[in-house]
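Got some structures for you, see below.
Shared between the two complexes below is chain A, which has chain B as its partner in the first and chain C in the second.
Entry: the complex of A and B
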């Protein structure tokens, strides 16, 4: 148990020295009382207690004891950092060990006092964590939701303020937030109370064995779909251009994710050069519609999109042919090469006269439909939503078809699939081609969103992010792609302030994901179908794990 | 005319000769067993017949047609299916989906049809689901449709592998140790089942088996391989009495006599 404490303490020290704690310290969770940085450190101490209590062999008091010890160890480790920072100049090695950080960590006390303080705080919070771990889920769950929502209110403060911009909402705004600061005490308390209450009610409703249906299931479903569509349509209006812009980017990644999901999730063909098809779609639209120097046709966007999709499809098949016989890790490396080749080709001097080299293709007009111009992100948002919906529908139909089953079969065992009469060549080429076509569609929208295409926009990193969002969402799961891109692409965009820690959090989230929930947040249909077949009470557990990861990911 | 015939078929791996100049004839609607010690080339024979390996010399004919050099999926289309010594299911797909993959080559729908959801595609999918359920009932897995294959108990995994192979509607079915790891009752059940395949569905069976009692009960003919060469062939009685088999197969006469019962 002291080992668990040591690990959590070390994580706390690491996050402090990496600068994340200080960055979050600039954010009030409750104005004048608690900062997000303090919440982060505190939650690590609570976490130490909870984890070690859960791992303790002895029940009851032994668990609480384990939590206390782990919390104390974690606190002491952090205290040690404070003490150490007074003895030696940490800043010469850790540039982020700033005076502000040390002030935060020591709370202005002498080193040994701070050390004792952290240890005591560790005992209290560790005990709290252990208590939470030992207490029944239905008591802790809503409380955790409430706390999470209160922290979320602070982290997404700008967003909430944006929504509350209209003059009529000024009283609500002033009541919830201190002007130029964080949430007010009463604001945080009310949000916490409402979220906790809501979560308990929801839990009670779900727990009831025979729910009394207010509406017939058909109607209820139609109502839900209607509400969902209305919310989807209202989002950019309520959120403003910034939110719309973020959602467009999420939509583009969703398009790519849906395409790569055919290859990786269904057919098991790991492709690390996927951005190439996104680039090909973007360049095709750019060249066909541009009114600038490199434009070749001055087509309208609507005529260029089908061509872009088709060109990407062909490119996917062309890539597929040489790598047909390559499997697994080797395939990943070969496709990685393809992605780079495409980027370097458009960057090359040889093709400069046609695609503009590093300058790219400029002056791509916005799409116009019946006199209406899709000029800003708020308009492009609707275009992206429609494109994503169409592509998701196609992916869903493919997945449940003869071809989808053949893809899954070659993912599971290529040799056996072939021995059952599946032609590997055609099935694999269809996976590469259709996956690439989806990405090409995304690229087409990207071209008109930015209004120009450069080689620089198509870095390897994009391919990696698409793979990561599929893994986080759940391999082979269509809703998983959307969830994955919201979490891995949308959240970091919204939290731009902490942008420099983006990949730190990314890495942690991916590792945590692989350890805690390797099947992804929303696993593919087959696994869920089986859960239903088993009729176990497995679902609540899955949801809880999901929440844990989402919170950890923040 | 035999349904399957190999003529002087040889398969080498580097310097090792796995099968040497094998002449094998399997009569239509027969149950034909291949036995031999470990490493005798039995599974290599299966891999050559199903197109997974290409023989270095000689030829393989199926229903009179040369099949050596064809791809595995082309051979499957001609009507050869197999099961594996170490069960190879599509582990993360459901029981039903496993069988549906087996039906793949009897379905015609294209990806465009599937996206559009044309009536023909929907009719075909309904038919395929019905057919898959029927096959699963036939092997006794009717209640397991939505289980993931990897979560089935061992005996049921064997049955599922059989159902998947049957879904391709084979004329010739190659079974690689179908009773491995089974208790006597399950083994007896499997023997009955293999007989039903031949008697009710008219499928020719080529069998690799180590349980001598199974081989001797079920087979119309037995071929004995040793170090890649055929050392004996005939009815179970003939093979059992062949001194070369006894010597090569198990070394000493006494142990062999007991084992061959």
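Entry: the complex of A and C
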């Protein structure tokens, strides 16, 4: 249990020194009372208590004791950091060990006082966490939802303020938020209460054994789809250009995600050079439509898009042919190599006369349809939504087609698939080609969104982001792609202030998803069945084998 | 089946011929132009060897881990970075106090020790958190956690130490050239080459001569049989990560000696190149990784001048990494078992 505490304490120290705590400290959760940074540190202490209580073998009081010890250890570890910061100049090594951070951590007290304070706080919060872990889910769940909503209100404050902008809503605004500050005490309290109440009501409704369907399922579904579509259409109007811009970016990643999903999710071909096709789509549109120096055709956007999609498709096939015979992790590295080669070539002086080198292709006009110019993000949003919808429809139809089933077969076992008469060459090339075509479509929209194309927009980072969003959403699941890109792309874009920490979160998300929920947040049905079968059926074998290894080791 | 594959084969042959044509044509062109003197070629080769030594040291980690777990430790490049970056915070005060230039050899050893220790710690931590719980998961799963770990490490170091380049202090002793057999060799490069050779030799002896090394080889042959022989497999795996990590950390200091700066993203490209070296030499094969590293280093150093200059390509040095990546892709496509043709190739699939 003290080890759990130590781990949580170390995580708290790391997050403090990495600057996340200080960045969050700038946000009030309750104005003048608690900041988001303090909430983060506190929740780590609570987490230490909860995890250690869960792991404790003895029931009842022993669990609470474990929580107390873990909380105390975690608190003491943080206290140690405070003490250390007084002894040596941490800032000479850790750039984020700023006076503000140290002020926050020590609360202006002397080091040994701060140390004692953290330990005591750790005991209290650790005990709280242990209590929460021991208490029935029914009671803790709504409370957690309430707390989460209150923190969310603070983090997405600007968004909420944006919605409350109209003059008529000024009283609500002033009641919820301190002008120029965070949520007011009564605002946070009411939001917390409403969310908690709502969550418990929802829980009660769901728990009722006999749910009478008000509407036949088909109608209910149609209503939901209608509501969803209306919300989709209204979002950029309600949220303004900033929200629209974020949604366009989410849409572009969704396009790429849908493409890569064909390769990774369905066919099991991990492609780390995927951004190359996004780049090829963007450059094709750029070169064909640009009115600047590098433009070659001055086409309209609508004529260039099909060409861009086609060029990407061909590129996908051409880069797919050489890697046909490579599997698994070697494939990932080989595609990564291709992606980097494309980027380096575009960046180099050797190709500068044609694609503009590091300065890129400039002056790409916005698309014009029947006299209407898609100028701002609010217009491009609709373009992106339509493109994503078309692509999602194609992906959805492909998924259950003969081709989709062939992809899934080669994902499971290439040799068996081949023995069943699946032509590996054409099936794989179709996966590469179609995946690349989807990404090319995204690239085309990206080109007109930015109005210029640079090689620096096409880093490996993007490929990894797309892989991450597929993993988080659930491999092979189309709604999962949307959910993944909303969470991994949309949230960080909205929380611009904490933008530099997003990649840290991606790394953690990739590892954590694989460890805790390998099927993703919204898994495809087949994947879910399979993993469940694996858990039930295959587990004993694995455990037995592991035991054999352990015994052998003794 | 063979008839269908023909078109793919033709494509691959065209690809091969194209690369060969570029190499031959470029070489002939360059030699005809005679833009470089023999001494310059010599410099290219020595620089390539020094760089190759660094790649080889990193490649050891890839190859040993692959030999045992059949997985690519994608985060190994970041293990390399973490040591060099952390050791900077030892090197800077040493240089400021003048100790660095009063006792250069001692300082260098100290820095190598610090970097190796940090990299070792990071490597073991990554194994514990991201790989061990997934030992029996499908193949793609540990690769994805490895990518996650690599990403996390990059941005963790960025968060802790900042996003800028840090200029590594220079050793006065290693400035200038040494005359070896009538050829002037930059001292840094000589130091790097010798250190890399010593470290590799030591590692090789460790793996081949000690009992632990024998256990490591046994585990890479057959995990279950090794366990039956009384070898603690998990301990050996941790040890493998530790040794690979330490070698990468030492390589980090050598890298800092040559390039004189560190950065949170510095691990990525050397990591990929070291992986290329490991595959070139036949993954799982320790002497192969060393040879592969040296070979890649030399090709990459000589390549832009030799192959590309003759084609009249502008600024061929920008394409240095393209050459390395092309080699990576080609070796993965055409000879995944590597130059030395390790038996592993038949097993992996």
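Assume the second predicted complex is superposed on the first by the 523 of 554 C-alpha atoms of A that agree within 3 Å, B and C clash if a C-alpha of one lies under 4 Å from a C-alpha of the other, contacts with A are read in each partner's own complex, and residues count from 1 in each chain.
In the analysis below, a contact is a pair of C-beta atoms (placed from the backbone, for glycine too) under 8 Å apart; a residue touches a chain by one contact, two chains touch by 3 or more.
All values derive from a computational prediction rather than experimental measurement.
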Inset, instruction - Return first, second, both or neither, reflecting whether A:419 touches chain B, chain C, both chains, or no partner chain. - result: first
Legend entry - Which superposed partner A:167 touches (first chain B, second chain C, both, neither): neither
Inset, instruction - Considering only the touch criterion stated at the top, classify A:434 as touching first (chain B), second (chain C), both, or neither. - result: first
Inset, instruction - Report the partner of chain A that touches more of its residues: chain B or chain C. - result: C
Inset, instruction - Identify the partner contact of A:398: answer first if only chain B is touched, second if only chain C is, both if each is, neither if none is. - result: first
Inset, instruction - Return first, second, both or neither, reflecting whether A:406 touches chain B, chain C, both chains, or no partner chain. - result: first
Inset, instruction - Find the residues of chain A that appear in the contact set with chain B and again in the contact set with chain C. - result: 423
Inset, instruction - Spell out the residues on chain B that touch chain A in their complex, using ranges where they run on. - result: 50-52, 71-73, 76-77, 81-82, 84, 88-94, 97, 100-102, 104-105, 107, 109-111, 114-115, 117, 121, 125, 128, 145-148, 151, 164-165, 168
Legend entry - In the complex, chain C residues that touch chain A: 4-5, 8, 11-12, 15, 71-72, 89, 129-130, 133-134, 136-137, 139-145, 147-156, 158-163, 223-224, 227-235, 268, 272, 275, 279, 313-316, 318-319, 321-322, 325-326, 328-329, 332-333, 336, 348-349
Inset, instruction - Could you pull out which chain A residues touch chain B in their complex? - result: 394, 397-398, 400-406, 408-409, 412-413, 415-424, 430, 434, 526-527, 529-530, 532-533
Legend entry - Residues on chain A engaged by chain C in the complex (per definition of touch): 14, 17-20, 92-96, 268, 270, 272, 321-330, 332-334, 336-338, 340-341, 344-345, 347-350, 352, 423, 425, 460, 464, 467-468, 471, 500-501, 503-504, 506-511, 514-515, 518, 542, 545-546, 548-549, 552-553
